[in-house]
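Chain IDs A, B, C and D follow the sequence of writing; residue 1 opens each chain.
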Amino acid sequence: MTTQMTIPYYPGCSGKGTSKEYDLSTLGICEALGVDLVEIPDWNCCGSTPAHTVNHVLSCALSARNLALVSKMGFNEVTTPCPSCLTNLKVAEHKMHKESFRAETNALLDIPYEDDVEAKSVLQILYENVGTEAVAARVKKPLEGLRVACYYGCIMNRPPEVMDFDDPEHPMAMDHLMEALGAEVIPYPLKVECCGASYGITRRDIVSKLSGKLLEVAESLGVDAVVTACPLCQMNLDMRQSQINTDNGTNYNIPVFYFTQLMAKAFDLSYRIQGLNKLIVSPKTALARIGKVVEKPVEKVTEEAAEK
Amino acid sequence: MPVYDGKELRIIGFLCNWCSYAGADTAGVGRFQQPTDLRIIKVPCSGRIDPLFILKAFQGGADGVLVSGCHPRDCHYAEGNYYARRRLELLKRFLPVTGIDPDRFEYTWVSASEAPRWQHVVQTFTDRIHKLGPSPLLAAPLTDAEMAKLQSQVEAGSGCGCHK
Amino acid sequence: MLLSNKKEVVSGMNTYKIASVDAAFTAEVEERSGQIMSQCYQCGNCTAGCPYTFAYDIPVNQIMRLIQLGQRDTVLKCRSLWLCATCQSCTTRCPNNIDVAGVMDHLRHMAREQGYATEKNVKIFVDTFLESVEKYGRVFEMGLMTNYVKKTGRFWTDMDLAPKVLPKGKLPFKPHPIQGRGKIAEIFKRFREGQRK
Amino acid sequence: MRIGVFVCHCGSNIAGTVDCEKVAAAAKDFPDVVYSDDTMYACSEPGQQGIIEAVKEHKLTGVVVASCSPRMHEPTFRRAVERAGLNKYMFEMANIREHVSWVGKDKELNTNKAIDLVMIAAEKLRRDKPLISKKFDINKRVLIIGGGVAGIQAALDCADGGLEVVLVEKTTSIGGKMAKLDKTFPTVDCSSCVLGPKMVDVAQNPNITLHTYSEIEEVGGYVGNFEIKVKKKATFVDWEKCTGCGLCMEKCPSKKSFDYFNEGIGTTTAINIPFPQAIPKKAKIDADFCRKFTKGKCGVCAKICPTKAIDFEMKDEIITENVGAIITATGYDLFDFKKYAEYGAGKYPDVITSMQYERLMSASGPTTGHIKRPSDGKEPKNIVFIQCVGSRDKSVNRPYCSGFCCMYTAKQAILTKDHIPDSQSYVFYMDIRSPGKSYDEFVRRGIEEYGTEYIRGRVAMVYPVGDKLIVRGADTLAGSQVEVEADLVVLAVGAESAVGAPQLAETLRISYDTYGFYMESHPKLKPVETNTAGVYLAGACQGPKDIPASVGQGSAAAAKVLALFSKDQLESDPQTALVNAARCIGCYKCVETCPFGAIKEIEDRFGNAKAEVIETICQGCGLCSVTCPQSAIQLQHFTDNQILSEVKALCPSMMEKS
């Protein structure tokens, strides 16, 4: 029951560096699900947040070049795993509906961007085009017993007018995918709170505070792991977890997966594709839970009450 | 708020008493400024408006004619505006035959509470008429005979819902 | 029980002169952002949701108020502008549908154009990032770090991470420039030419 | 014809941007105009007297007043003209205030426009004919739709005035929202102690016929003689037999039915009497939850009922009521709080609506008046109230203020302290709106004596941590973000128009605004009238209103109906259609078109088919005039000739030709 589709793929710079495992696992699971990701030839960096904080025409030009490349491939859709890249692609598309803006932007480009190309996150493609049923059907080793909190990051779904996917306050796509893998999803209330973004380098105190809060709530829910869809979130929560512990006097030890890694795990794909060795906080203990179903302590109470 | 100073055009509005006339009043009460070209004729219901009135207005040299009534479903007389809509839609399609630019005619729905909407309607319609300029018909107005012929054409319109 | 209340003591009130209201500033922000400032009724929802309020010198709803009051310098010199992460919380929840994050973005542009940079390191980071993009077409993360450290003259605060991260092979030591990198440099070049005009 | 023109200054309202003298001077040159003058306030007593004297002195046969909207003062001037001895239809008005002086600033352009408007009025007047009203009998019964406090008050006042009242209520009991409230501001007296006796009065008053669990299906006729079709929905209990003993409720096995009266806090049985003080106190089966209907077997209630009242075969029934006037008092409904996902509304059980909170506080509620939070039944200590949820919020299309939520929140915070002395209430607000007698003092008392903590700012999000809810808001006065750890969050949901309000308005042929609230005839001068003769408004159906205002309007509407019925006959509006039999060819296109069935098919004395208008039924829409191929049927006062004369007045080239 696999969907056969081909779609241009924009990995984003971090996919080739700090979030290599996101890139590899994305490619791996998509292949397993019959989604053929074709990397855009010679794509360039979208400029991430820095570009649009400097100038919108410049920022959109960087993304428009990529969109034009997609057009040239003969497609009108593109997918990317990274929410930051996604935002830039979508905003560029959105803003260029305005004639004058389009002209200004195209003036910076060699090949003007004239068509409409819709950008979608890999998460959206998996959720909408592939579907949870097909995902569940592909599972070889269900993640039963693994208790996860799904964290989407601040810009995956916001602002809703631009992103146009899932609920902006309580998104559920990743939750449903994780459920399809057999994992136990604990409702995580801070799904869309900001992790501190790229201030890790300039203002480490900010990231320690914001990501610290995310970990604090995750720990209070008693989850085994946090699941993310954003390279920056993952980096702040995983790589900087030790810094957070130092700064806040805490002692968290919560592994932080990309959702695609857990899919690869459940699909029983190769270790290289799973890329679990790339994680800083060791996922060993968490993964050991798989197969051992435990009692739910906290959440049960409120859910039953809600039923009443 | 551009007012067409010194070169007003002749715009006639037919407004139903219950919704649009009241809406224009509400706009007045709220001091929603509008261009001054429009002259309003009050009728009980948009369904009272005979396409003939509109043709006569154009024949007499009006540069634009605006009809406004209650929103569909909101008619004070239950269904008058449905009749109006059918008739006016037909008239709109017939206007080119008469040599009148159909852009000089518009019908719209404005309720008693929609003062900003009324202001918007008057502003955009007046702007539109000024873009089109004075009606060229003034030079050679239709004769009454031509008029009568036209009216019979409108009335005989195939499947004309307005005169069922 | 109030959990946290950022400023223990509210910093003293300033006097602003009504005569100092710079209507042109308000108009410029409206023109650039496409948002209508008078629609903000100061409910504070943006500040309530902004994850960075604790780090801001002026909370975002007050920035909106100061724009209404045409306080150009106070706004463009504030540090908050440089700390906003464009997380979209404010935009998503503003009851008046104001794109607050967009306004912050445009204020940053204006601050930059006027040569203000009250959070110097943030500006340096942004500049360094874009230099990397301009040079290679993609970001070269390792190079970015090195250059940032060079420019700020600060010891690399993430040194503690090095032993953990480097062995994972996630930070290539060499850039992967794209073939079309000349094209990217040109985008920047044309952009600068356009700016000068 | 001798026409007199009077141009009103309205102080500076008109004269400020229109040169009234110039308008009056220009009018002197219009055909048939023999007198023209300007006047300071035309509607004032001296103004009207001036018109009357001029009519006599100059032997005028028709009058044009150029002033405000005819919707404002046409009746005033018609009466003046009548006092001067003319037929009141020999009068036209030019609207040079709402349509001229108030919407344009250029005095010259305005003056020209005013002259044009006077000209078309004079041209029409030249073709006006005297019209005589007919008298007709009225049916002195009144229909009241909606049995909330406003409808109850109107019903009792009308009944006291000797009128027969038909009260139609959608749910099974009257009482409306007020019946659900615990105590009411600003006196904090028990809601059911105030309302209960009134409800009983309704039940006992011989002049009041009560149809509950009923809705309006169709409205025909006109002021004085409406014909109403009322749908009595099937309750599956024969109310003639049901004594309200409640045995069925004890035994019904379907105990998890949705409890509408308690706003879903707690559950009820499929067969139920919504609350102990219900009027009428009769049981109804909720077919969505009854096992007999959903599963096909049960019937326990039928076996247990001592009076054999249960009737599973019962069908909806349509009955007809004839009345002379209608008061709508259909109230309001509450904003769907689930739209605020950031507050976890509908997701976290301890985030509830203000109305749910009323039920939690009420002694007759599911917790018998002990405030227990829904999740775990614990008594909350920190309670956060969030204001303006679904009000003053453009992003959810509710830009208006709901008016009473500031006050009920102040009340709820005070009552919370009474219930739980060691509790602390926090109110996140944008503005405190308390403009009523003793209202602001009440709010201050909450703050000063009960220690309610008011925090000026909206809340961005609510999220649970452990068994607490973290409320993150802003304190814009302190210029900071603030977090409160709450046990219970109460959302002050705003008021919106009642479900089905627009549809009912269409049935009644009255107007409603963008949000479904009914439009009054004039916001200041006719607050309980509608634009449809004989239909009046009371209570929150016209816009959010608290109890004192709703009751006041209920009485006001009743007074209007009593005044209407103080005469035995009403005058019909003579602006009706009239058939010119000589031109009529009997095609009956008009008969097909008339939405009111006002045209009869008759034969003249030669046996020719002709049409004839029934004056008392004709509403004066003019649809028939446009339909008639012979122009034989003409709406009087709006004939083809009259309207075309106005068109001609505006079109110079036609003027030249004719």
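The rule we apply is simple: contacts are C-beta pairs under 8 Å (C-beta built on N, C-alpha and C of every residue); 3 or more make two chains touch, one makes a residue touch a chain.
Keep in mind that what you see is a predicted model, and the values were worked out from it rather than measured.
At the centre of the protein atoms shown, by the Cα-centroid criterion, sits D.
Comparing chain pairs A-D and B-D by the number of C-beta pairs in contact, the larger count belongs to B-D. Inter-chain centre distance (chain C to chain D, centres taken as mean C-alpha positions): 50 Å.
The centroid of the Cα atoms in chain B and the matching centroid in chain D are 30 Å apart. For chain C, residues that reach two or more other chains under the stated contact definition are 54, 89. Counting partner chains per residue, chain D has residues 342, 461 touching two or more of them. Multi-chain contact residues of chain A, defined as those touching 2 or more other chains: 168-169. If you check each pair of chains against the touch rule, the ones that pass are A-C, A-D, B-D, C-D.
Residues of chain B touching chain D in their complex: 3, 5, 8, 10, 12, 17-19, 21-22, 24-25, 27-29, 31-36, 39-45, 47-50, 52-53, 56-57, 59-62, 70, 73-80, 83, 87, 111-114, 119, 138, 141, 155, 162-164.
Across the interface of their complex, chain B is touched by residues 69-72, 95, 97-100, 102-106, 109-110, 112-113, 116-117, 120, 505-506, 509, 511-514, 519, 531-532, 575, 589, 592-593, 595-596, 619-623, 625-627, 629, 635, 638, 640, 643-644, 646-648, 650-655, 657 of chain D. On chain D, the positions that touch chain A within their shared complex are 341-342, 344, 347-349, 374-376, 461, 463-467. Residues of chain D touching chain C in their complex: 342, 382, 392-396, 424, 430, 456-461, 470, 472-476, 478-485. Listed in rising order, the residues of chain C touching chain A in the complex are 51-52, 54-55, 83, 85-89, 91-92, 99, 101, 105, 108-109, 112, 119, 121-122, 124-127, 129-130, 133, 137-139, 141, 145, 148, 157-158, 160-161, 164-165, 168-172, 176, 178-181, 183-184, 186-188, 190-191, 194-195.
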